[in-house]
Each structure stands twice: as C-alpha cells, then as structure tokens.
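Both complexes shown next keep chain A, but they swap its partner, so chain B is in the first and chain C is in the second.
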Partner chain A sequence: MKRVNTAAMAVLGVGTILLSACGNSVSNTEGQPVSGGTLLVSFKDDLKTLDPAIGYDTDSWSFERAIYNGLLDYKGFTTQLQPDIAASMPVIATDGKTYTFKLRKDVKFSNGRGVTADDFKYSWERMLDPKTAGPMTGGSFWGGIHGAQDFFNGAATQISGIKVVDPYTLEVDLDTPNQSFLNIVAMPFGFVIPKEAVASAGSDYAHKPVGTGAFVLDKWTPGQLIVVKKNPTYYGTKPYLDEIDAQIGVTPEVGYLRMQNNQMDIPQPDLTIPSAQYISLSANPSYKNRILKTPNVDIWYLAMNMNMKPFDNKLVRQAFEYVVNKANQIKILNGRGVVNNGIQAPPMPGYVPNYNPLGLDANGQNIQKAKDLLTQAGYSASHPFPAQDLVYAKASADSDRLAASIQQDFQQVGVTLNLKGLAFNAFLDITGKPNSTALSYNGWIQDFPDPSDFIDPILTCAAANVTANGGNVAFYCDKNADKLADQARGDTNSAERLKLYQQFQDFIVTQDFPWVPMYSTVETNVAAPRVHGYQLHPVWPFVATSIWVTGSAPSAAPVSASASP
Partner chain B sequence: MTAYIVRRLLWMVLVLFGVAAITFVIAFLVPGDPARLYAGTNASPAAVKIIHHQLGLDRPLWTQFGDYMWRVLHLDFGFSYRYQTPVLPAILQRFPATAELALAGVFFELIIGLPIGILSAIRPGSFWDRATMVFTFVALAAPPFWLGLLFLFVFGVVLPVLPIGGYGGGAPQYLLLPALTLGLGGAAYYARLLRASLLDILKSDYVRTAWAKGLTERQVIQKHAIPNALTVIVSQLGMDLGYFLAGVVVIETVFAWPGIGKQAVDAIFTLDIPLVMGTVLFGALLIVTANVVVDISYTFLDPRVRYS
Partner chain C sequence: MAVGGAIFIVLLVVIALLAPVLPIRNPNHGYYELLPANGAPLAPGGTFLLGSDPNGRDLLSRIIWGSRTALFIGFVANGLALVVGVTVGALAGYLRGWFETILMRLTDIMMAFPVLLFSIAIISIIERGSVLVIVAVIALFYWTAVARIVRGQVLSLKEREFVEAGRALGGGPQHNLLHHILPHLVPIIIVYGTIGIATSISTESILSYIGIGVQAPTADWGKMVADGQDFMFLAPWLVIFPGLMILLTVLAFNLIGDGLRDALDPRARALFRGVIGGVTAGGAGLAGQRPGLDSEAEPT
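Then we have the complex of A and B:
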C-alpha cells in the first residue's frame, strides 16, 4: 500500500541487497523469552480506525493485526502464506476459480462466541458494501468475487460468490482465476468481525473493535493513548507481552529522544527511522548495532505520462532511462536502499536481483546513450529539449534533496527540470488526472507481496482509463502487456506465472519505458535494550507477538493511570 | 451598554457565518479529493467514487454549505472522516488540554513580561534595561519549535528533571515546559509593549502633576502609571488568550500535547473537511468572544471609555 503521508517516510528507508540475504539482522533476540510486562510504543498520529473494513494505513494495520485474524496469514517473518483461522490451505478447483476454506473450530471472538463461516460472509460483505464506504468497495482486489459487481451497484443484497457451505466451510467463487486471491484474503480487509459487535457499537465500531486476535483493545483515549491487552481466549500461540501501551501524538524527534532516555521502548514502530535520527543512532555506540533492517517491498520511480508531450515520443522516454544517478538517490537516503532497474521489489516472489537489461553502469546511468537517443528524437542545441516540471510530494525532509539530485542528473544531457514540490494531497490529485502531469516522482509500496500488486493497480489499461484518482500515473496502456498481466494473474502454475510477470517486466523496462525505475528502500527500526525478539515483518507494519521485555518499564510510562483528561 | 453588547453579539454571528463560508470555500479550493485521502491512496478510482458519494461530496457546493450551516445551527458539526467520530465531541474532548496550556501560557506571559517591562521603564538605559531588552530580542526571535526541542533536550535529557513531552493527565511537571515555551515569546512582547507604554505615560502631564504633589515613586508608578499602561496589555492579552485557546499548533506538536491545534493541522493535511470546519468555527468563536470581553473590560479599566 502506498502509505498516506508516510509514503514520505518510506522514502527514508534503505540498505543493501545483502540485507535481503541476512534478513532482519536481529540483534536483540538473545536469551530465553519471558512472559509478562508492558511494551511502550509511540505514534505521531492518532489512529484513524480499528475497523478492518476501513483502515488502509500502516498505523491502523499495526493494531488491526494485533486484534483480528483472517483465514490466512504469513508464516513467521516471511512472505509465505499459511492457514490462520482456516484449518488448512484452501482447496482450489482446477479451473482456479473456486476456493474452499475449512475453518478451525476452536476460534472465538473476544466476546466469547465461536467463529463460523457466516461471520466471514458477513464481514466480507460488510467490508465491500458501498454503505460502509471502505476502500475495497466498488472493485479493487475483491471485485473479482462472483456477484460482487451486482452487490456494488445494488442489484443484489448479498454476494453470490461467497457461500456458506456449512458452519465451518466457506466457498468463494471468482469470475476469473486469480492466483493472488490468497494474498488478498490475508489482507486486513479480510479479517473477521462479529455481527453483534457492529450492531451494538453502531457507527462507533471503529473505536469498539471485537476480534479474535492475540490482543484486545482495553482503552483508547483519542490523541493520547491506546492500550491493548493479552486476549485470554486467543486460540494461537499466546504473546509474551501482557500489554502494549501506545502513546499518541509523539513526534519521531521526541520519540527517539525518549527511547535514548529510557522513556520509550519503540518509537513509531510502523515507519522507518527518519534520516536525522538514523544518522544520530548510527553514531551512537549503544544503538548502532541494535538497528534492524529489512527490505521494503516497494519501488520508487519517475513516471512519464505517455499521453503528454514530449513523453508521447518513445525515444524520449528511452533516453530518460539512462540519466538518473540511482546510487546518488540511495546516498541521500543514508544508504538505506538498493538500485532497482525493474518494476518488482525485493523480497517479493519474481524479483530478479541485479536486473539490468539496459546495461546501465553501477550508478544506473549511461549518459552518452541518453544524449544519442535525445538527438535521435530530434533534439539538439538549435532545438533544445523543452524544460519540464518534475512534480514530487514534499513528504519528508529528504524529498527536496532527492528531486534536486535528479535535476542535476538531467543537466548533464541538456534537459532542464523545474522542481515542483507539492503537499501530498495536491500531489495525488494532480498526478492522478489524465493529461495533468508529464513527469512525476512516485513510489509504490505493496498491498501484498505478489507481482500482481505492482502491475494491476498501476500499469494496466484499466488503471489508466480513469478521469481522476488514478494509480497508473504514467497512464500506460498496452493491450499486449494487458494480455500478459491477465494471463499471469490466472495462471495456476506458480513458476510459469512468475515467468510471465518477468516477461511483463521486460516489456516495461526494455520496450515501452513508461517509468524510470530507481530504487527500493530498506526499512529500519530500533528498540530499547530491554526489548527482545523484535523483528521487522516484510508485510505487516508492526508485529508484537514475538516481543518480550526484561527489566523495569520505561520511567515515563504512567500513561495508563494518568492519561485521561 | 446593553445595546452595545447585543450589537456585538449580532456582529459575532455575522463574523462566524463569514468565517464558515470562507473556510468552506477554501477547503474545496485546496487541491485533492478528501475521498481519496479517506479511502487510502491505493484505493481504486471506483471505490473513491463511491466514497465521494457516500460523503456527500458530489452534491453542489452551495447545497453542501447550506446543509452544513443548518446542522451547525442544531449543534451538529458533522462526522470526522479522519477519526470516524462526531466532530464536536472530538473537539471538546481535546479542548481541556488546550485550555490548560493556554491559561498556563498566559500566566507565564504575565509573570515574566510585566515585571520586566515595568522595571525597564522605571530605569531606562540602565544595565537591567539593556539586559532585559536583549532577552526580549532573543525570546521574540527564537522559533517556538526550536525553543521547545531545546527545553526538552536540556530539562528532559541532560539534567534530566522533567519528562520529555507528553500530557501526563495535565500534571504540572508535564505542563511546565510547553507553557513556558508558549509564554516566553509573549512575555518578551509584553515587556516591550509595557516598557514603551510606561515611558510615554511617565512623561505625561498628569504624572508630572503627581510628582509635583509630592507622591513617592512607588505611588506614582502603582497608582497612576501602571493602571493606564495596562489597557494596552489587556487588549493584547485578550487576543492572545483567544488565539491560544484556538490551538497552539507548534507547541502541541513538539510536546505531544493532545490539544485541538494539532488535531486541526492533522485535519487540514487529511482534508478532513468537517473537522477543519468545526475547529475553525470553534476557534473563531473563542477569538471573537475574547475580543468582546476585552472591549467590555475597557469600561472597567478606563472610566473615560463609554459605549453607547
């Protein structure tokens, strides 16, 4: 998912390819786990919601992951799916369109009632109901369920493709095969909630969640504090922690200051460490070896709007592929990134390490080739390339520097870029409309770790054929590429499917050039010395179930007792 | 006097209506679709379109404004997109924290600013006067954001005698630094304002007469000069209090103080129009009320002032 405002922060993350080999470089899992204790974390902003049908940001997902469960989840700290509330992985019909899930019979909501297949049908239909006004309504990932479109437009009162076979068997029919459906099921939008809790809370369910997860919400004082406690009825492996206290409204500057003063365990656990704090912590002997790193499943790129001059000229787009000094971008991010010349990201299935079909140098450039291509495109000293606006979101302290570096790169080939930094909402608005922005600096962060998420929402004709709020900001539309994407989405042979996605990547990178792919970032986080078992997950923004704490709680943890006004 | 108050109250209604209208228009002129930010940036255009409709954003602007004002008349300020909660309770829930900080900030403005201003005016050109004027320059020039972080570092980390930000239920040790940061700039301004005002007054005829009558310095300053100089301070104080109560964004952000200022800024960045509208109206109401109270208080401070 592209993180609101925090897309900004994601720009800050980075590392080297070695990191994907050595995982999270965990330095604080030593010793035997100890049960009990309270973990103190901080968040800059208050949570939007704890309703899994609504939340679509890393803060909300951090808590939803602790409170709810779905049919499937990721195994440990990997991108491999495994059953969660499902008793086993689903049976998939040979046509790839019908999924049959058997449910565990020992799962209970925190209100004490057992979970059945009816609850999933209710939760999913509520999540997709236009009246709920959640982000998955109207189509998107779940729109391929048979009967969903009728449900969206009011022609049906329920989704015919979601069938309760018996209390512990759920069948889902898709209109067309979609191999990423299992990843979709594992998204927080697929979490199960009890109907009676929604009925009881009414429009305030966002603040009164009832789930099946390892923790239950104990207290939420808006703008100040969120407390979750261990769920005694949780069916899975019990977490070590008794409680997590999240202080709200704490900026990263203050959060990291508190951590170094033993007043905080983990500041802003769902976002990478901001550059200023990363530099400071890296120089601090007590913390430099405690910084955890893991590759973010993201890609940062320049998008060239193929419907607008001069980028309707393929030679121009091709020339731009050779100009950006990608290594410099990573230097600006304090080394927390890896050059990425493709459209897939580590550690996603299908990612090809060291992918470089254009033969770029170590910096990701070939300046002479770029000049030659611009000459072929008809540009010369007497007919200079028209100055372009480089539109970017002023979302972090690094945004201006990253854009300025690209501006300098293009001066080498005689192209003038005018930097146009915008607030995030304005950036989304202007880049999402057709014929509005010719050149923009973008990032895409996973919804789930599957190549389809890096193609369907941002590089298909369906995503380009919009009047506003589009994700395909290059407005790239090629029928042959679309066919490849359709074929790959439905291919039930995993190895063959990945080959098709690689063909798609080649298509983009070597033939049509809608993007200049630049880099993928590395997430960095750090915890106080008393925190153990803390690991970064490749999908979830924050996982607390592996954490245990030793020693006394941070000295500024009086929040439970005194936070209420 | 009664007629004056009624007239001012009617003006208040007009001012608030104007503020509401301008804010509403500006909120819709800002680039960006609130439905997109509500849905999440990866939401499909189809989902955004449905949410746009569900939030009523596809209706004509004047219809939306009319509906909004009608609901406001019934004290219904709408539903926050960002926080998924009714607006008025969201504001009122945070207002006590802001009020506490505002009052404490004003307290520091007065307790620091007034003595400095008076002592400087009594002994103009002295070492004390020069030293305090340097202090006022620094305090006025220092950005509150920087000053706040400096205080946190010194008193929270280096010494450490106070908590590093947070609300702590409004306990004094949590309140001290944000209130001091808030009050220092104002204190410096008040000191300069009072000094200038007193210097003028001390040269006036009635003060010279007081000296001629043989009053002591203390009597001249306390009974004749300060009461007259205070009208300037009261006027500014009313503005400050209204402004602080409407939310002091920077201070609340730096010190993780859960007031309405930070909430308002978050609302602006997420295009949470109902919350932006509610906060602006609430703030405007406080500022306008503070002004009316100040104007009325003149009649008590200065017998020459009469409203008819």
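Then we have the complex of A and C:
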C-alpha cells in the first residue's frame, strides 16, 4: 500500500519461506460457523474516506473491501486472482494489450439497480479524472490505458481505451503490455460505484458510499463510530456477521487493554500489534496461541537523495550500505521481521532469500569498509562528514527507537545524524519533493503481489520526474535500469520476467546504491477468544467475511472523550 | 524538611557534576546485544541496576545524565528570568510614570499568554531541540512573576527613610537602586530564585515530554517518561524512575525555597504567602492562572 507509516498490511502469498515461527498460525478457526452477531473493532483515527477513487491507506481499504467489489478479487486468502463481478477471467488478446471482461448479470448495487459495463466505465473514468483529485489521477498504475493521457490533458472527455461493447462486456486497451494489469484491476481503485449515488451525494460521496459488497454502511458518526450491516442483496456468499461496529479514537494500546477486559474484539485490525502489547500478549497463556502472523511484504530502507549533497557522491552512498546494524532493528521489532539486503520483500515472486551481494556480516554491516569508503570520498578527522538530518515518519514509539539505533550505528563511522521525526503527512510532503530531503527512512508495502509494484512507483525515472508527492524518494533515475523495468513489465514469460527483476535488483544494490535496504516485517494480529475464523489476508488489510462470533458481545466502553472530531 | 531537600539537591548536583567520571555506562549507547531476542527491556537488578529501556540503554546512566540536563536548564533559565525580572520590576517601581505603565502592561500581556501553547509555537518556529532555545523560552515566561514582586517591593522601599536620605544626598536612580534598594531585595530574589528553579525544571520536563524539548539521544527525564510510556505496563520502571526524579527534584527545590523564606524574612511570610504560593501554582499548573498574584503587595 504505497508508502507506509507503520507496518500495515498482511501478506501470506506463495509460501512462508522465512517465517516458520509459531507454527505460522494464520487462522483462528474453531468449531462450526454460526451466523449473526456484531463484531466490535477499533481504529485510532477516523477514516479518511469511503470513496474508492480516493482511499489509499489501510484504514479506508479495510472498509472499502467490505462495501464494494471489482471485476476481480483474490481467491480466499491467497494471492491468486479469480473473477468477482466478472463472470470469468478476461480474454487477453495475443498482443497482450486488449482485455475483454464478461460481467455477471446478477450483481446489484445496494440501492437495487443492476451493475452493467457502463458503471465500470463511469467509475474508472471518475477515478482517473483530475477533477476527482484522487491518488490515481494523472496516471500511476492506470496511465497505460489507451487514451488515458489525452483524458488527463483534457484533450478527450473520455478514455477511448475503456469500451462498453454491450451492457455486460467491457473491453480495455493498453498502450503496452503490462503483466500486472489484472492485479491493478483488482485494486480498490477499480471498484464499481453507481453514478446516481455520486450525483445525489455530491461532494460528500466519501461519507455516503453505495456499493455491491457484503456489507453496507449504516452509520458514520465522524470521529466516533462507524457501523456497517450485512447487505441483503449481496450476490456472493453471505458473511456470518450481521454487523461490524468500529469505534474511532481508540489507540491500539487502549484497544488491546480493552480486548483483555472483554470490551473489544479486534483492536486496529489493519496494523500490527504494538511492541509492548506484543511482548505481553505472547507471554499471556490466553492469547499467545491466538496471535496470527504473516509476512507484511514490505521493505524498509534509507533513501539517499541522488540529487543532493553529499549523496550525489557515489562513494558516500556506497559507504552507507555497510553501516546499519539491521539485526538490532529486528530486535527492536521483537523479532517480527527479517534482515533484507535487496529491494524485493518476502514472499513476493522475485525475492531472493539470504540475498547478500555486498558480503555484509550477519548484522548487515562492514564498518571497516564503510570507513575506508568515506576516507576515499575525501572525509577525514580534519574534514568531517557533514551532520545529516534523518527524516522519518513518527508512527509510534517504535519509529523513534528504530531511528535511534541507526543514529548510533552511524556514530561508529563518524557520521552525526540528527533525528527528525515527523507526522506521516508532513513526512510524505517533505520527502516527496525534489531537492528537499537528503536522507530519509522509508517503508514501502505492496499494493498487489507483483514485483513491478516494488520498482515502477519507487525506482524509475517516471516516478522521479515529479514536483511533489513522489514515491521515488531517492530520486533515482537511470536509463539502463529504466530499460530493464520496461522490458520486465511486458515480458509474458514469467520465469524470464523474474530474472529481469533480479537483474534490476543487482543493479540497484551493487551499482548505484540509491537505498540502504534494511528489513522486511511480519504482520501480527490477535482477536478476542469469542472471535472465530479470523485470518490475515495476503493483500487486504482486513477481511471480515470469514469471521463469526460466539458468546455475548463485548460491553463496549464509551468512546473516549478525547476522540478527534 | 528544607534540610532534607537541601541534602537531596546537593547530592544531585555533586552526582551530576561527576557524571563524566563516574563508573557508569554511556547513557546514549544501546546495548542491543544484551537484550533478549524479543527486544523486551531488562528489569532492574541483574545487568542494569535500574533496568534498561527497549533500546538497551542503561536507565541509571540516563537518569544521572538527565539530572545534568534538568539542573542546567533549571539554573540557567531561571537565572535569566531573575535578571530580567529584577531589572524590569526595579526600574518600573522606582521610575514610575509612563515607564512603569509600559513595563507593567507588558508584564500583564506576557502573563496572559498560555505558557505551554506559546512555548510550543515559539520552539516550533525557531528550532526544535536546541537547549538554548528551551532556556530562552522558559526565561521568557517566568521573569514576569519576579518583576511584579520586585516592583511591589521597590514601591514600598522607595518611600523608606534610608532611600530618601540617599536621594537627599544627591544619589541618582542608578545609585539608589544598586546601593540602597537592591540589597533589600536579596532575600526575595533568593527565595523566589530557588522556587523558580523547580518551576523551570518541571516546565522543561513537560516540554521534553511532549516532544519539543531536549531531543534524542540526549538523556532527559521528561523525554524518558514519554519514551517509556507505551511500555508502562510491561516495564513500569521506565516511567517510575525518571518520574520520581522529576517529582523529588521539584519538591526539594520547593522545600528549600520554603525554608529559606522562613529563615531569611520571617516577617514577610504573611505578606508573601499569597504571592509565592501563587507563583508556584502558576508554574506547576501551567494554565496561565496565578491566583495568588491578586494579593500583590501595594504600598500602604
């Protein structure tokens, strides 16, 4: 999910290569499912939006996934795509550029109207319309649809590459083949919404969503409570739960305390358990076997801005590769992660376990080599390395601890780092602008399970050539690397394609050094004992459709008075 | 009580001064290798006498080095506040007229600001984490109370015979203020100065606690409480020890101030009870309310 604030999403994927710990319990399935009941969850902050064209964070996605559907979805708790509103998987033309989707005829919006191909054309064009001002407007993943660029420039009023062939057939033409296009279609940006609901809600559609999903929004009291109820007209398998109540303004720390007092079912389901709670829950006999774990499919790295001093000097960037003690960071994360010296995360296809082309030690360091390289770069006792600000997003106390451990590592090579922890939005602002931040501590988590997601938005010239809100925070731009990425994106031979992505990784890690890759994390979550069928999804931040509850509902504590408005 | 407070402060000052030569660990170094694999902080006793934080740093060392931060900011900030406050109060009280009006209205304006809110604004604008900026901000707000007390005193002293005698002998304002009035202000300055240190230290702790005071990795009690907060139930020592140090230090300075007031000027006790009580409450409450100051001593 784009750039990450905290360890956020959950991924299981093809196999848990590195994470055999704890029996890899990925579900709390006990007994026979029963229908009915209310699930109580909590979130720290109010949702930003329930408009699928706008939401690009784990909180919003948790609810969008319950309210809406797209053409495709992931099968169960896997990364394999299957038809959802589409009647079958699309027919792809031999040139790899034309996709034809046949739609189911029994899908209805919760307002009662049937879904047709026109609704998809409307929803997608609205999502890409600069007037909507969503994160996809102007291109990003969807920019490769034929005619999209003319639409962005205002040269066309619609996207010629999105064609309604008949009410239940949608054709999409791409400019160039893109092997991850089906994953893109399955993102929440591709969810279908009814035109009339947008027209009647006006600018407030974000709070008055109408979808096709298993649940419908019943009530949203800003800053306090969100209630969704079972959708009686849902075309798919009905969920067990009648209702989900989400209390807003409850920090994860408070949420976990409430859970242990039977006042909460699942605290902050889209984020991993905070350190202190994780340590105490894993020692608590009632909960230690209930903790769910799965790789997060994220990569945490230091980005060195290639256009700014002193990181315009390749020797400096190379020296930095050898400094960070990555094992310390894993310890701060309570062992919930693995050292990662590459740019892909487990278990993404293309990830290489134990990747270590620079010959780092088990901690991910080689201090002497770093010192030598800094000397070669011209720094010495008489000409010390200039103190740098390490800019990071202050998500929790753990962010400060991780930054402090990096600060200590760099002291060893005579480099002073000043810690600059910022609120997430401020962090995105300052690091996304060119020539604004020299050194920053970043996380990237998958949008969809394809290796292109770890390259195209964060390591290509197109992503560096922006004026604001960039994802390529190192502003890395290399023609040869770009060529490799283009080639890989369209390659239909999947084995060859993965090889190209590995070449790309070697290029970054051993030639140009825009990043210091550090680690990938493991998502952990836990639910109260009365919650059954809870599983972590490889892509979605929270899936409620498999959950059923037994026993009496938790006696919800009143929402704290400090809840933000 | 005051003696107890004094002993505590003397010990604290001696330990703080000796910190660099005491056989303790580097307060800013994380001994990650000593932590268990799940990264849980180590309990007191064993490897670390007062335990460690989740970064593997020695809590004892951090508390000792934190006392340097607290005392430095306490003494320097409050010293500055005293110099400004005494100067403003004495000049206003002695010269009177429009000069007094301007200075005292300025004092009123400064007192009307919510201290904490304004500190946050100033620190965010100027520079986060610089010790000098923190000192300046604390001094900026706490000179006002001194200025009011001193002005009240000067107003009354000015009418006394020995000052009039000085004037009659041709002494100018500078001479009279420095040689006749200032010596009589010394007890108040000492008493208020001591209590002001407590206020400055608690303010500094609060600023660091909310994250705009002293920055990492410098050891600071307020910041230690903030850092340890999320581990409060798992590792209570992370907040108890630094919290206790703030409490004891502030209490000790207040007790000493109380004792000094009794010792130096027993007759003034009744007169100043309201004023000093109010100043303390204003500092501790930080709400910008200083109820006791309504009873400010006017010449009778």
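Keep in mind that, in the parts below, the second predicted complex is superposed on the first by the 524 of 565 C-alpha atoms of A that agree within 3 Å, B and C clash if a C-alpha of one lies under 4 Å from a C-alpha of the other, contacts with A are read in each partner's own complex, and residues count from 1 in each chain.
Simple rule for what comes next: a residue touches a chain if its C-beta (ideal position, glycine included) is under 8 Å from a C-beta of that chain, and two chains touch if they have at least 3 such contacts.
Computed from a predicted model, the values in this text were never measured in an experiment.
Asks: So which one touches more of the residues on chain A, chain B or chain C?
Replies: Comparing touch counts on chain A for chain B and chain C gives B.
Asks: If we overlay the two complexes on their shared chain A, which of chain B and chain C does A:48 touch? Say first, second, both or neither.
Replies: first
Asks: On the A-aligned overlay, A:511 touches which partner chain: chain B = first, chain C = second, or both, or neither?
Replies: neither
Asks: Classify the contacts of A:492 with the two partner chains as first (chain B alone), second (chain C alone), both, or neither.
Replies: After superposing on A, A:492 lies clear of both chain B and chain C.
Asks: Between chain B (first) and chain C (second), which does A:275 come into contact with in this model arrangement: first, second, both, or neither?
Replies: Touch partner of A:275: chain C, not chain B.
Asks: Where does A:408 make contact in the superposed view: on chain B (first), on chain C (second), on both, or on neither?
Replies: Second partner only, chain C.
Asks: A:207 in the overlay: touching chain B, chain C, both, or neither? Say first, second, both or neither.
Replies: First partner only, chain B.
Asks: Between chain B and chain C, whom does A:480 touch in the aligned arrangement: first, second, both, or neither?
Replies: It touches nothing on chain B or chain C.
Asks: Once chain A of both complexes is superposed, is A:253 in touch with chain B (first), chain C (second), both, or neither?
Replies: In the superposition, A:253 touches chain B and chain C alike.
Asks: Touching chain B and also chain C: which chain A residues?
Replies: Shared contact residues on chain A (touching chain B in one complex, chain C in the other): 253, 257.
Asks: Okay, in this complex, where on chain A does chain C touch?
Replies: Residues 253, 257, 274-276, 279-280, 282, 325, 327-328, 331-335, 396-397, 400-401, 403-405, 407-408, 418-419 of chain A touch chain C in their complex.
Asks: For the complex, which residues does chain C have touching chain A?
Replies: 28-30, 32, 35, 37-40, 54-55, 129, 215-217, 227, 229-235
Asks: For the complex, give me every residue of chain A touching chain B.
Replies: Those residues of chain A that touch chain B are 1-5, 7, 45-46, 48-49, 51, 54, 56-57, 130-131, 133-140, 143, 152, 203-204, 206-207, 222-224, 247-251, 253-254, 257-258, 260-261, 263, 422-426, 428-430, 432, 447, 457, 466-471, 556, 558-559, 561-565.
Asks: For the complex, which residues does chain B have touching chain A?
Replies: 30-33, 35-51, 53-55, 79, 82-85, 90, 93-94, 96-97, 149, 152-153, 156-157, 160, 163-171, 252-258, 262-263, 266, 269-271
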